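The structures considered in this document are given below.
Common to both upcoming complexes is chain A, partnered first by chain B, then by chain C.
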Partner chain A sequence: MAVESFFSQAFTGLSIGSILLLIALGLAIIYGSMGVINLAHGEFLMLGAYATWFMQSQLGVGLLGSLVFVFVMVAAFGWLLERTIVQFLYHRPLDTILATWGIGIMLQQGMRLLAGGELRYVELPGSLDVTLSLMGLELPLYRIFIIVLTVGLLAATWYLMKRTEFGMRLRAVTQNRAIAESYGINSKRVYSLTFAYGAGLAGVAGALVAPIKSVSPDMGTAFVVDAFMVVVMGGVGSLLGAVVSAGVLGELTAGVAYLLNDTLAKVLVFLTVIVVIRFRPQGLFPDRTRS
Partner chain B sequence: MSQKWLLPLLGYVAFSVAILSVPAMVGDNVFLLNKYARYLALALPAVALALCWGQAGILNLGQGFSFGIGAYAIAMHLKLVASASNPGGLPDFMGWNNVGALPWFWEPFHSLGFAVLAGIGVPVLLASLLGWFMFRARIAGVFVAIITLAMLVVGNLLVVDQQRYTGGLNGMTDLAWLNVLGLQIDPYSRAFYYLTAGSLIAVLMAGFVLVRSKFGLILQAIRGNPERVRYFGYDVARYQSVAFATSAGVAGIGGMLYAMVLEFASPTFMAVPLSLAFVIWCAVGGRQSLLAAAIGAVVVNAIQGSLSEAFLDTAQLLVGGIFVLVVLFLPRGLGGLVEDTATRLHGAGARLRRGREAVEKSVDLPVKRGEVAK
Partner chain C sequence: MLSFEAVHSYYGSSAVLQDISFEVDEGKLLAVVGRNGVGKTTLMRTVMGLTDRARGRIRLADTELQNHSTYERARSGVAYVPQGREIIGRFTVEENLRMGTFARRDGRREIPGLVYELFPVLEEMAQRRGGDLSGGQQQQLAIGRALAMEPRVLLLDEPTEGIQPNIVELIEDVVMRLNRDYGITVVLVEQNVPFARRAAHEFLMLDNGRIAAGGTIEGLTDELVDEYMTI
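Entry: the complex of A and B
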């Protein structure tokens, strides 16, 4: 019994961690490569959730069918924002906090006007709305699906960053923009595409969390704070760091929530983040590049 | 030097006179007075932020933590006063949560003096500890922002969670009026407006002196280059901690006034959006000047207030848009705009004078006989 509940909590932690990672992935890329603290990330997620809701309730397209569309739509939106606003703030990183928060406020209110302020619900895909019983454990299939998809997105992102021409350009621009430009890399284009990719990931995250959390215009605020803790604790620009810190925070949340309660779990998680940043401001797994 | 003092001081005095003459202009419209008192109470956290962010370069995204503690401290006192006729003097929400007797840490809040002291002292103490913890390790920039944000979330979660002692999500409502030496101060009255305006003016004047003292100069130097200040032998972490703690105390005062003007305290005071709104007001006004930050808070709130009366839904949309534009085009806020215009005018005058002097001097450049001909 004790062993079973241990594994059950471990699975819950894994599930929380995968959602955290899913949300933080786009943020980690944008913050890690451009130093932009994108507080509108939560609103990108909210846009993704609403797009999924709209597809399902108005057009009858299921969650799985709308994932690609959601990615493209939110990515295009992110690209537009980068071109019009964010690109002017690269030399003022703290100001990006303020500008993106302003954008976030507008998106929230815009969505409230468009879709109304009430909570919206997205249905689980029928094929995934089952619970697996495995060695005495009850595992909701949708949670497993999120874990698998997160791993998939992580692998795709890793491949994009480390194995493609685009990723090489991005890493070059991140290391030294001026020298990268003198080799003929169009840094503006690299930045705007990266921002779009990060936004698209947030949109997919929004689509995936929509069935398990309720969809509302201000749903993003809580997510963006959590995602930030993951990214900063993991270390700027480190995918591995984001994975480990999402895992640690997820398991910690589940474990403490099991022993005490949900709120105290979150409190302890945030205090852990504070202590980690205090003693390792470079994060758990800092990116070893010269800046 | 005296001129450097004089112009800003005139600005501070003009602002003080302006806010003190508001009651004479609105007459007996106590609802307007209450609304303006609310704006002035909200100016205090913006001033606090200008102090630690604008002066020392410490971006505190969790100013609501101090603001909320101030609000809850005074709310605890006023709740006890309002609950005096209840059995055991127990606040209503404690009864609903099956709390049998008043918890020990509520007892001292029977005293107004203690509540006020706690509303300022607790934020100062906690900020000193957190500041000491952060700045000793030379944490700066984004990391300070994230730590303060995390601290804010912790505070908010705890207040919501400890429903038995804090009223949870509902907060503390139905507060009594402030009673100073037997005098009841209705939040919808001139007296309360003057209390708020007076507090803001006192803080601004103290801040005016502080910013221009040697202490203020060192803070600005730390903002510019902490490493160099350290080489000069200053204890940078101590200066940063003091600035951080002072700012927390000011935010605490703001929180106390805000809870009184609204007649309730709620966990939303400690929620992320309000704290980021403080940052917005401060940035719109201009973080480099305490006065500009105060004006920023009043202006943004007034715009937001009048917009939401005119067309309810789009107000936030416009406020967000204004804010993005300010960050893009006026990085030093409205205050920076005024300053730049002033220096440009002043600079143009100085250039004119210098030019005239140069012309006058060039006339009697000594030229020796025969020099030109060769």
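Entry: the complex of A and C
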């Protein structure tokens, strides 16, 4: 029994960690490659959740059928935001924080006006609303689905960054913008597409958390704090760092919540992040460079 | 091939280059000489659109470069090898070369055989990270990257500065061959007067952001060098 509950908690931790990673991934890419601290990231997630709710309640399209649409819609929104506001602030990091924070508040209030302030609910896809019994463990299939999809999106992101020409262009711009431009790379276009991709990932995260958390205009706030902890602890610009720190924070949350309670788990997670940052200011996996 | 007409170039509000006009014909090599800080590097960066602001006309064949952003200028056929090389440290040698092909006008992505023929060391080190190469190797990589785009005009900013002597000779030889044998138009910023005299057809002497003298390379006399380059 003790062994079973250990594995059961480990699974819960994995599930929490994969949601954390899903939310942090887009943030990590935007922060790591463009240096933009996007405080509206939580609102991108909120937009994704509302888009899913709208598709389901108004158009009768289920969660799975909406995912691609949600990605494209939130990505397009992110692209628009980058083109109209963020691109003018690259040289002014502090202003970027303020501007994206303001955008976040406007999006929250806008959604409150548009869809109302009450909580909205998104139903689980019927086919995933089952619990698997595996070696004495009760595993909700939807949680497994989230883990699998997170791994898939992580792999796709890794491939995009490391194996495609777009990724190479992005890495070149990140390391030396003037030289990248001097070799025919349109850095503005690279930046806006990257921002759009990060936003789209947040949208998908929003769609996936919609059935397990309630959907409300201010739902993004809590998520964005968690996501920032993942990025900061993992090390800016490191996909591996984001994976490891999401895993650690997820397991820690699940473990402590099981042994003690949720509030204490949150406190310990914050404490862990503070201790890690105290001794490793660059995060667990800093991006080492010469020159 | 490349010409400036009354070009002024600025960093912030200070004009680093003032009223610069010159023309390099196709297949020629122009040496830009002068003391440190007179605007030689700024002239190169002005061609690429990397200064804060510039006015005047900059033309590459039929293209008015001043109306285009940096990446479009590159795609019209100008390759820039900056001072300090500025290769991408975290890219492999091969990736750095492949990045050069992004500015090719025909959109192809293979690295021309010429690059490895001129610099065999780059083929041996293809999978090493650019940041791990020695200064001389990095300079070869920087020139190789420029050649990968099959440029019409090559801008070289002090290609032999801070390089070990045996590589200096190789690089000087390559610069001459690229111009003489392969017909690439070259603008070369150079402090080494004997090499400038050997390599160039024409010269431009800058002093304090303006053109102090210019013309065919025979005009680069010892008197001029004494007046404008000796400290």
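The criterion applied here is as follows: the second predicted complex is superposed on the first by the 288 of 291 C-alpha atoms of A that agree within 3 Å, B and C clash if a C-alpha of one lies under 4 Å from a C-alpha of the other, contacts with A are read in each partner's own complex, and residues count from 1 in each chain.
As a convention for this text, a contact is a pair of C-beta atoms (placed from the backbone, for glycine too) under 8 Å apart; a residue touches a chain by one contact, two chains touch by 3 or more.
It should be emphasised that the depicted structure is a prediction, and the values quoted were computed from it without experimental measurement.
> In the overlaid three-chain picture, which partner chain does A:N176 touch, first (chain B) or second (chain C), both, or neither?
second
> For A:N186, is the partner it touches chain B (first), chain C (second), both, or none of the two (neither)?
second
> Would you check which partner chain A:I97 touches, where first means chain B only, second means chain C only, and both and neither mean what they say?
After superposing on A, A:I97 lies in contact with chain B but is clear of chain C.
> Given the superposition on chain A, which partner contacts more residues in chain A: chain B or chain C?
It is B that touches the greater number of chain A residues.
> Given the touch rule stated above, what does A:V273 touch, chain B (first), chain C (second), both, or neither?
first
> Check the residue A:I105 against both partner chains and state whether it touches chain B (first), chain C (second), both, or neither.
In the superposed model, A:I105 contacts chain B only, not chain C.
> Just to be sure I read the superposition right, which of the two partners does A:M168 touch: chain B = first, chain C = second, or both, or neither?
Touch partner of A:M168: chain C, not chain B.
> Figure out whether A:V232 sits in contact with chain B (first) or chain C (second), or with both, or with neither.
Only chain B is touched by A:V232; chain C is not.
> Please write out, lowest number first, the residues of chain A touched by both chain B and chain C across the two complexes.
On chain A, no residue contacts both chain B in one structure and chain C in the other.
> Once bound in the complex, which stretches of chain C touch chain A?
48, 50, 69-71, 74-75, 80, 82, 86, 88-91, 95, 98-100, 102-104, 109, 131-132, 145, 149
> Which residues of chain B touch chain A once you look at their complex with the stated criterion?
The contact residues of chain B facing chain A are 59, 61, 133-134, 137, 139, 141-143, 145-147, 149-151, 153-154, 157-158, 160-161, 272-273, 276, 279-280, 283, 313-317, 319-321, 323-324, 327-328, 331.
> What part of chain A is in contact with chain B in the complex they form?
Residues 37, 39, 85, 88-89, 92-95, 97-99, 101-106, 108-110, 112-113, 218, 221, 225, 228-229, 232, 261, 263-264, 266-267, 270-271, 273-274, 277-279, 281.
> Would you mind writing out the residues of chain A in touch with chain C in their complex?
Checking each residue of chain A against chain C gives 165, 168-169, 171-172, 175-176, 178-187, 289-291.
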